[in-house]
Amino acid sequence: MLTTIVNSARGRRAATLLALATGLTLLLAACGGNGGNAGGSSASTGGPVSKCGLGNGKKATGTPVKLGAIVTKQPGTDFTPITGMAQAYFSCVNDNGGINGRPIQYIVDQEQSDPQQVRADAVDLIQNQGILAMVGNTSLIDCSVNNSYYQQQGFYVIGASIEDQCHTSPNYATVNMGPNYSTQGAVQYVVSQGAKKVVIDAANVPGGAAEVHFGIEYAQEKGLATHLFLDDVPITDASGIALRDVQEAGPNGAVVLNFTPPEGLKIVEAAEQQGLIDRVKWGWSTPGNDASVAQALDTPWNGKLGINAELSLVTAKGPDTALYRQVQKKYAPSIALGSFSEMGFVAAEIVTKALLQLPPDQLTKDGVNTAIRNIKDFKTDILCKPWYYGNLPYHVPNNTDLTVTPVNHVMTQKQGCFEIAALPDNNLAAIRAAEVSQHLNTA
Amino acid sequence: MLGLALGGVFAVSGVGMVVLYRATGVLNLAYGAIGALGSLIAWSMINVFLLPDWLSYLVAVVFGGVASLLYGLLIGPPLAGRDPLVKAVGTLGFLLILLGVMDWVWTDKAHALILPTTQWGFQVSEVTVNVTQILAVGLAVVITAVTEVFLRVTRLGAAMRALANDREATAMLGVPVRRVEAAAWLGSGLIAGATGLLLSTLVGLDAVTLTFLVIAALSAALVARLQSLPVTLVAGFVIGVLQSLVTPFSLVSSYRSITPFVVAIVALLWFARRRPVVLR
Amino acid sequence: MGAPPSSDGSRAPARPLPGAGVERRTVAEGAGVAVFLALALFGVPALRNGYWELVLQTSAIYTIVALSLALLLGRVGMISLGQVALLAIGGWIALRLGFATTMPFLVVVFVTGLITGVLGTLIGLPALRLSGLHLALITLMFAAAITLLLEATQFPNGGGGFLGHSVLTTAPSVLHRPGFASDDAAYYRLVVVATGLMFLLVVAHVRSRAGRAWAAIRQSEAAALAAGVNVTLYKLWALALASFMTGVAGGLLAASGGGLTVYQFPTQNSIILLAVVLMGGIFSLWGPVVAGLLFEALPALLRTWGLPADLLTILFGLGVLQVQLTAAAGLASQVPRDLARLARLLGGAMGRRRGQELPG
Amino acid sequence: MIEISDLTVRFGGVTPIDGVSLRFPGGTCGLIGPNGAGKTTLFNVLSGFVSPTSGSVRAFGDDLLAMPHYRRARWGLRRTFQTEQAIEALSVFDNVAMVHEHTGGRRSRRRREVLDAIGLVGLEVDPGELVGTLGARERRLVEIARAVVGEPRVVLLDEPAAGLPEEETEHLGRMIRRIPGERGALVVLVDHDMSLVSACCEITAVLDFGHLIASGPTPEVLRDERVRRAYLGTEEEL
């Protein structure tokens, strides 16, 4: 759900992303998970809860197993809830037998979007600190800056993505799918609702057009007319923008937004005031999946705004989601429940499982990264389908997601898990073929 | 109207800076940072200490005055005889200190401070106008008018205007220079605090953004050659409207936030087109 | 206050002017430079610490930018609050040339310096008519405008058209390194050598006819004119030289680890750069070295120690105030003297303020 | 020889020089007048910092006003300032050498001519000394050395004795008297010290409120009733 808008004015981007993270906390979740989470065990409240690592309650001692991460934290953009939650999960693992007795030491470098700094941080972690794996990397620029270095060092990173570069490397795999695929998901939703023309309205920020091009391509593949508007943020003329979007879409059209919650909210609220809700289908990429949005929208919007969601609702009932809530409560109460921390949790869970399966003498840089690359069929109820790494030139392991919608001020599920469609440019056809041929998530 | 609201923001910031510059010769580049810190304090009072809104807003405005006054009392006098550039660079130091404190204490988390006036709005044709926007325009006009009257009618105001011309001569005439300067620091700081509150609603409560918005707001003051309040006001509105007029032209639309800087550069060059050799 | 009010903003803070001369370079100082260079060139790579190599490489690049700012400010008396924006322009040009042509790396960097020199001079033309506060403001406005322009255009990444940026390419904006310096250690050495050459360039200028003309311009344009100095020409020359060096730094930065993004050149970095250059000292040639270290290496050190980087912003702010208040010549020339001055300032602040009611 | 005809300078409502016609034939000439009489403004017109509203200035047959200001130094016009402007950041030698190199002095002769000028003004300091470390008297002398180095044709001295003690002024006067002979330059001296002016200058012109009120041989001018009245009006001692 880490769809973000890479924005020049860091403040705005920040506000958005944070609202996105904190918002979900507040969800009072009527029936979040409706059993729609494929691949996970569906269970009712009070049902089974997963365990951290070995789950034996013994404190790990001895030489630590070092893991590292690079995460953006700068005025306006703070991805540290992701690494913070990963740290919380590792603490829980260390209290439950660690990696076959050895504790995990998690070293997180915070960066401020300076490529030289991000590059130096990677060198520091890998060469000076001697980490065995990179887990939970979430950065505005890490993928593009360090892809080649990770490749050269034989590191297979598990992170979360904003940039497209995170999905075009053999050495980088993320637990989310990023803004480009997410916007496509939102477009798929409105098309499935019968839209005949798709208007995409996105923030006029660096990379703003690139972030939505899969969405446009999908609509065009379907033979639909499209139109792209890029609007300056912060939005000062929401009414005019809402009206313009709806008029451009025309009858039976759809408007898909790619904005941070406060900015997108201005447009949908203006649409409500002007009575435009029912004139088109409305879609929004992942940032719209936010409690602030759900709370702000009144009942006329019930079920009428389809928001793409990359991970399960934090209120869902699967055993992993339950453990996630428990770990948050015990180890990281200051970190909000939300998609950010969910991503950190899943990344930490994946690597822990891989480490536990290694014999002690394989706990080396090469051993661990080989194990990561060999991850297949990792099942969790937080994701729609099992996660995998695999030997691929590019990675989008999370390529199936759901649609949520606000109902009576609460985010609820609108559409169960569906595949993000393969397009000539989005690599998904090749990825799905490899999933089958390498049995990555079809065990 | 939207351009006017934005212009009001430029204008009101510009007016605060011009008042101080006229009285003390200091161009306070930390002006935006003072307002931002005040707003963050108000945010904490409301959201962390759960204090009443009105009190928090009051504290934000008063903080602006006090912070500005403190700087004026501590750093102003030792730099008083120096070049305007030295004084301005000094305020850059103040800016960095305030910015560091804000990033440190309030970390990088997003904050939002929405004045209640934002919720009251009405429709003008197809555009919704909220009261905060009207407040921005109104505040700009009112502060300009009040300050202008103050400078012309009151004794303190007359002293400030005299100071702008010649500090030493004014001091010799028996004007308590330091007290007048302190009043200017306090007054401009109060305006900074109030502007900060408006800006955190209109633009967003973010330390870096608010701190450096001062650069854009300077353009209005520069068009007025850092001297005339009415010209600053009008220039602020013109720049704001200009910027929103550019929006529909998609070719230049994405460059529209450059408007204030272009205006300022043109103004500076225009005023500098004939420059005598500076003799000491 | 001791310093007389001066109408010429470009004047140095107070007399006597500190540390004017490279002319008075002693043997000991020469030896110091040699030892420093040897350490930088061979000592650092010998540590085999890739992290510090990268950090110091960036420090060296920013040392060049600091040197250009110190040249303008300390030697000619022209202030620039837009030097980091100019660095970004240099980076953009280098990437554009790098993607569009097959010129060898060193040629790309050199040509980048030349083009940036021309552009910087054009941007700096107002400096011929403005000085002091107004020059500072117009350069700040230019910096803000350039930053916004770059955010709209992005850095070239191999795309087509004049802007060379493709939204569909996922390639980063990196300039290819030369074959002889493809690994980090070799590239670090290349950067150190380039930085050294920039210092030589500045020393050669300061000791020449140009340096003497600049010294006159800095103190008093009237005196310079009366002495027959073509003030316009020498100001342009200083702008061109400073912009050239900044352009070279931009080219070097474009090929450093990670390439360039539009986020790394915010307007406030120009302000922070001014702060560290003032702290390092604008009169001594060691000043820019100190400034480069303050700007890049000190944050890395704080990160290593786990201290918040925000402390640095506060420190830089205090540094600027201290330099302005005491008219100090920066850390490089006189750490001990500064400390003594600071003590005196603290002691004398009260008395001085009481005396301030009196004119003069 | 300098020939000033009908020179008027106006700044807004102020007219610091009002229709002045004046001739400095050669040697050392004095230019006196109470404060605000227009002496420094006249120097500024000559050195190009102020453009006159009307009038002309010819020096040794050349139209001075037609030259860009920095070119005038190369032509041979030199000046000192009321507040001395020796360049603090440079050494004594470089201060003088700077003028030499920017006024077309030959490089091969630079060292000799610079040291010569330093010797002429009687500066007894190490030429490598930084000007910033010198005292007020030495700085004045450095500035005068800069005015006489190379091949000056006109040397304008603006209150060179200001702030100097009496015995220094006498030394200064002796030195100024040597300039026309040793350099072949016309010297125009502005000063309030009448003993210096009468010691140095054969002829003197007097300005008051922008008007020329007297000119001629110095002793006669100093006895002139209008001159005495002009000074008495400002309560300045003659």
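Assorted remarks:
Which chain is which? They are A, B, C and D, in the order written, and residues in each are numbered from 1.
Just so we're on the same page, contacts are C-beta pairs under 8 Å (C-beta built on N, C-alpha and C of every residue); 3 or more make two chains touch, one makes a residue touch a chain.
Because the structure is a prediction, the values reported are computed rather than measured.
Where touching is counted per the definition, the chains common to chain B and chain D are C.
Among the remaining chains, D is positioned farthest from chain A, on the basis of C-alpha centroids. Here the chain at the heart of the shown protein, by mean C-alpha position, is C.
Note: centroid distance chain A to chain D, computed from Cα atoms, is 79 Å. In whole angstrom, the spacing between the mean C-alpha positions of chain A and chain C is 40.
Residue positions of chain A touching 2 or more other chains, listed in rising order: 10.
Counting partners per residue, chain B has 103, 208, 254, 257, 277, 279-280 as the residues that reach two or more other chains. Counting partners per residue, chain D has 49, 69, 81, 85 as the residues that reach two or more other chains. Against chain B, in their complex, chain C makes its touches with residues 1, 3-9, 11, 13, 79, 126, 129-134, 136-138, 140-142, 144-145, 148-149, 152, 220-222, 225, 266-268, 271-272, 274-275, 278, 308, 310-321, 324-325, 349, 352-353, 356-360.
Those residues of chain B lying in contact with chain C across their complex are 27, 75, 77-86, 88-90, 92-101, 103-104, 167-169, 171-172, 176-178, 208, 211-212, 215-216, 218-219, 222, 254-255, 257-258, 261-262, 264-265, 268-269, 272-273, 275, 277-280. In the complex of the two chains, the chain D residues touching chain C come out as 47-49, 69-74, 78-79, 81, 85, 87-91, 94, 97-99, 101-104, 128, 130, 132-133, 146.
Within the complex, the chain C residues that touch chain D are 12, 15-17, 20-21, 23-24, 209, 212-213, 215-216, 218-220, 222-231. Residue ranges of chain A in contact with chain C, taken from their complex: 8, 10, 109-110, 112-120, 123-124, 127-128, 140-141, 144-147, 149, 163-165, 168, 205-207, 209-210, 213, 425.
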